[in-house]
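In this document, chain identifiers A, B, C, D, E and F correspond to the written order of the chains, with residue numbering beginning at 1 in each.
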Amino acid sequence: MRAYHRGFDQLRPVTLTRDYLKHPDGSVLIEAGETKIICTAMIEDKVPPFLKGTGKGWITSEYGMLPGSTQARKIRESTRGHIEGRTQEIQRIIGRTLRSVVDISALGERTIWIDCDVIQADGGTRTASITGSFVALAIAINKLFEKKKIERFPISNLVAAVSVGIVDGQIMLDLCYDEDARAQVDMNIAMTDDGRFVEVQGTGEAAPFSRRQMDELINLADKGIQELMALQIDCLGEIADKIGGRK
Amino acid sequence: MRAYHRGFDQLRPVTLTRDYLKHPDGSVLIEAGETKIICTAMIEDKVPPFLKGTGKGWITSEYGMLPGSTQARKIRESTRGHIEGRTQEIQRIIGRTLRSVVDISALGERTIWIDCDVIQADGGTRTASITGSFVALAIAINKLFEKKKIERFPISNLVAAVSVGIVDGQIMLDLCYDEDARAQVDMNIAMTDDGRFVEVQGTGEAAPFSRRQMDELINLADKGIQELMALQIDCLGEIADKIGGRK
Amino acid sequence: MRAYHRGFDQLRPVTLTRDYLKHPDGSVLIEAGETKIICTAMIEDKVPPFLKGTGKGWITSEYGMLPGSTQARKIRESTRGHIEGRTQEIQRIIGRTLRSVVDISALGERTIWIDCDVIQADGGTRTASITGSFVALAIAINKLFEKKKIERFPISNLVAAVSVGIVDGQIMLDLCYDEDARAQVDMNIAMTDDGRFVEVQGTGEAAPFSRRQMDELINLADKGIQELMALQIDCLGEIADKIGGRK
Amino acid sequence: MRAYHRGFDQLRPVTLTRDYLKHPDGSVLIEAGETKIICTAMIEDKVPPFLKGTGKGWITSEYGMLPGSTQARKIRESTRGHIEGRTQEIQRIIGRTLRSVVDISALGERTIWIDCDVIQADGGTRTASITGSFVALAIAINKLFEKKKIERFPISNLVAAVSVGIVDGQIMLDLCYDEDARAQVDMNIAMTDDGRFVEVQGTGEAAPFSRRQMDELINLADKGIQELMALQIDCLGEIADKIGGRK
Amino acid sequence: MRAYHRGFDQLRPVTLTRDYLKHPDGSVLIEAGETKIICTAMIEDKVPPFLKGTGKGWITSEYGMLPGSTQARKIRESTRGHIEGRTQEIQRIIGRTLRSVVDISALGERTIWIDCDVIQADGGTRTASITGSFVALAIAINKLFEKKKIERFPISNLVAAVSVGIVDGQIMLDLCYDEDARAQVDMNIAMTDDGRFVEVQGTGEAAPFSRRQMDELINLADKGIQELMALQIDCLGEIADKIGGRK
Amino acid sequence: MRAYHRGFDQLRPVTLTRDYLKHPDGSVLIEAGETKIICTAMIEDKVPPFLKGTGKGWITSEYGMLPGSTQARKIRESTRGHIEGRTQEIQRIIGRTLRSVVDISALGERTIWIDCDVIQADGGTRTASITGSFVALAIAINKLFEKKKIERFPISNLVAAVSVGIVDGQIMLDLCYDEDARAQVDMNIAMTDDGRFVEVQGTGEAAPFSRRQMDELINLADKGIQELMALQIDCLGEIADKIGGRK
């Protein structure tokens, strides 16, 4: 039996706490079972060099884990002196996913910094970071829109993400740390609210997987993502109505 | 008038939430007004090279601020590529302060890692880190003691810290960020429960201060620290009784 | 019309030159159109700390691009002072893919270092690195086997990789740089010779993609990978016969 | 008996050698017993970004120890790859102390770089650095003043610093290395010539200290600092007369 | 007997392959026996800060070794985190040597980046890098000249380099790795086509050398360099005719 | 006319001050005109990994410049974050030169650290570092010998170094900074007391030089080095008699 008495096709209990911090333009605490992540969005009035003078904006993301977030103390990357490959991979995927549903040409020359800081880790931190930071981003963008700093609401779709995998031969939704550690196949999927894929990343290091298995994994992820989007809509309230195709 | 309708000699509302995270051996969320810090203590069964073979333990501390904890986004030290002088100064003072009340020769060859991560900053983060991490440390040490891994309870005194300063010519207790930013004199004081000083750090960069002013600042700090220790005792419950001279 | 007069479902001309360098245990020059990569495998008689004493071996990979390999000079990562996220991502995927078809418990406590150095880049460097370095790896492992340093031939399957994508609305196999730069969807797929997936990484930053599009992309990758494996078998000669399920 | 036949309330012999180097705008060799430090002040015609366009100047400080300055060879921080916390702490305190007696708004947009390089270390390097670099700074500022690059002489007070401590239960002035290494309490104090405090940094890691002990330590420091200022005045000659409140 | 049946005064077989890569402005593969180096020249339309506004150009060089180029795998400098002293020395000597025969005031404000990447190492990589990169540089400069971006052909002389040494008491030309590793004296010499010296670097760490030995070493180097220049002229074709004093 | 009323073939006034610092095993202040360098030798009872278990010792060197040693403030390499190529080159040449006259197999498993720190720079710092650090090294080795920690005195020859160059067409000995900055040819030569060469490094970046010019430069260096060795012998006193071939 899985923790929280859940079946193989069920998510852990998920909550989204809006406006968790006072300084950022948008902030959310996402809790998925024991996994807890602070997601923030902060707007800066300048863009990276490659966008200067284009009138376009940018969305970029950083990810970190507190030393006390893991079973064995996580050494700070500042102490270690370099940013790990895993961290970089996660940062890049969060940034790409969020940019896929925002028209950055409507942001003006602004950068929106997304920070996902894991307070407590129990598997699924990269997908929960995406699901939570989308909400923080929408709140921050809405402030720009309400203050009339941008002319139109530039988010076309909701986006959320979930992990799926094969553990002891069993296909499962939303793996916690113990399940993830012994998974043969591990897949992270990000989708929009019209059922299209933004990111599909599957790896079968411990055991390559068949076409049929991949299809089942994707079906399960699709189900989970729809449930997460219901929570995002709930949390965003009327902001959700402004997202393209929803009003 | 100061925020929270407080007088010049009053602390902000302070709360200590015990066992805030599940993985560390001890953890506390300290909130002092809008300042919020996660303090954790994690035990590792080895010591730094200079203590190997001595039978003694060690207590060391690291400090960090989340990017979203400040008004303008705080750049990660891992991205910046080096640890700032301010961070190093704070880390060293936390470590020294905690070691001053623990008999490290009774810890065995263990390192206790103290991590103070600022979730939200509004002044006084270094002193709140000391006050909070003392509690996390006592909880962790108590676990060693309860599991009979150490023979005696090695903490001799409570220790807590507070800031005082001179703002617009007025002596004040527990400065919030706005007060701190325009202070002429800034002093951080850590004391034990028998009224002795562990750290006294005062700086009058904007205006040197007189002996009489220093005396008043210290009196005010003493008052504030006594109040903080009442909260520490409350939070620690029966663990507090094991601390030297208290049972 | 695509370069080399090829159709949307055709690979660029690919050649594999075996034993390209004299020092490594295995080496291959892979050329896919204008993309040229030196892949080497070098055996070291020790393993990373987490495997010490387990009797198991390890396979790890590093990737680099020569400054002259790209249109605009590529700044050296040693000069830049850190390894880029993209490089780390590629290194990790090459390592995972190769390990998925090797029984590392049969290697003894040895590390096989895979290095993929791009001499000239024209798209598809990460997938060509996988295809080429599998051959270099098999040659190096065969040397261990021929010298009777390992008891059985530990490779279970061929593995190769290819890119597919959607460019101007058209699904295409094996994108060159110009196609990749304007692709809406970019997918890299690694498969074994029995048609199972080791890595599936698809991203639709510029335009999310539908389930039907994903299915077509995967079909096309499957076709391309089968052709690449014919070349691998050719290049490996009798070594190919020792790979699990092939003799 | 202490070295140099001195009593507990006596300084070591101190000498200040003016214009020790030819390139800097101001330079002093300070010798306090066996401790020898080269202090230099160099003027640069630009300011850090946060002061650009304000018309204000800046004073900043760096500190280093030669490899041969200590009993066991001191590893270079350039080789070590990072600047130690202790170094950063010292650099920050020197800069703050000097700025406290200079009206930086009268400097124009110039940075004065203070460098304190320890040639030989025998305790008290941070306080000797302050005492010596104040003199180097005054010489450099006087050059600006003599060349009429600044309109008024912007130094309001002399500033000097000394260490005090409790060693084997005895309160002592100006600790040498052997005394410092076994001190229970260690305090560094910087004062102006009108008896006000600029920095008070006391730490009782080995044994917290009482209010009465702190008072005695401060009295002793006050006495030592007055003696050091007599030497500063001697060394500065007529420049000393230009310092605020002295002419 | 030396490899390739050569006498003590003979070069290894040397080949220069022009236009080895498609992206750089000039590129050459130089092979000297088993030593193989890709030399490229890439033009950038800006100069380092110290030349801005002077109208002058710059030539700078970087050098690297592939991990698979050496017997024991060469750790990447990007992984190691710093650039080795040996690498820096070689980079500086290549840059100085090439600049000695080019009138940089005729280049306009352009930087020519020279990259020498060792594909396979068997001794003499620094001198082969000079000989090969001169050809790559001349090709790149000729492109500027043919496109009329510069008014006159700014190369005054051919330059090439070779190693000489004393091995087991015997003076030898063009040392391969095994010879170099047991040499008592090691000398690298770069000369122009009119017999003048650009660089002379001799070291007798294992055994200081006499004036007479130095004279013999230089005579031998002179002979070798003349042969290398014949190959450079051959490879450059009509570009060689444009080099000062040759048309 | 050159400074110090010297002719083209004359050294600047040179002094060697023995035992300049108290902590190192050997120390010398060398002054050559305005150039002043502290050279120290410190013995450590271990060797680098490549010598462990061989019974041999090692001599290694580091070089640095104080920020106040140069006209424009020299940025610390610890602040800059990396060690410059020039510094590495100098460190390597000092180490090689000293090792060439010491039988490291007679040192036991010890490392002698040579540190050359430039207090004031006016040209010729690398050659003065060699001349001065040889003396510091001999003093340190003599201590080992006097304490009977090594069986025989392992230094075979004196070694010293000087710069020569061509400035405005004139061949000159011992260039000061102003001469060096406008030199066409710059050559640094280290020789033993029996007239053999340890290092010859000549560069004609600004103008290649002829064979005849090189001969004259070497003659001049030889003359200067003999004068420097007389000073070394004077400074070393009876230690000089123990150096091979001198007693």
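Operating definition for what follows: a residue touches a chain if its C-beta (ideal position, glycine included) is under 8 Å from a C-beta of that chain, and two chains touch if they have at least 3 such contacts.
What you are looking at is a predicted structure, and each value in this text was computed from that prediction instead of being measured.
Trainee: Among all the other chains, which ones are in touch with both subunit B and subunit C?
Mentor: Both-contact set = A.
Trainee: Under the document's definition of touching, what chains do subunit C and subunit D have as common neighbours?
Mentor: Of all the chains present, none is in contact with both subunit C and subunit D.
Trainee: Matching residue numbers in more than half of the contact pairs is the bar here; say which of C-E, D-F or B-D clears it relative to A-C.
Mentor: Overlap exceeds half of the contact pairs only for B-D.
Trainee: Where the CA atoms of subunit B average out and where those of subunit F average out, how many Å apart are those spots?
Mentor: Centre separation, subunit B to subunit F: 51 Å.
Trainee: Let me have the rounded angstrom distance from the C-alpha centre of subunit A over to the C-alpha centre of subunit B, please.
Mentor: 34
Trainee: Mind pulling the subunit A residues that touch 2 or more other chains?
Mentor: 81-83
Trainee: Can you give me the ring order of the chains, beginning with subunit B and going next to subunit D?
Mentor: Sequence of chains in the ring starting at subunit B, next subunit D: B, D, F, E, C, A.
Trainee: Give the list of subunit F residues in touch with subunit D in this complex.
Mentor: Per the stated touch rule, the residues are 21-24, 27, 34, 38, 40, 42, 44, 62, 64, 66-71, 73, 76-83, 113, 115, 117, 119-120.
Trainee: For a test of understanding, state which residues of subunit B touch subunit D in their complex under the given definition.
Mentor: Listed in rising order, the residues of subunit B that touch subunit D are 82-86, 88-89, 91-92, 96-97, 99-101, 157, 187, 191-192, 195-211, 214, 218.
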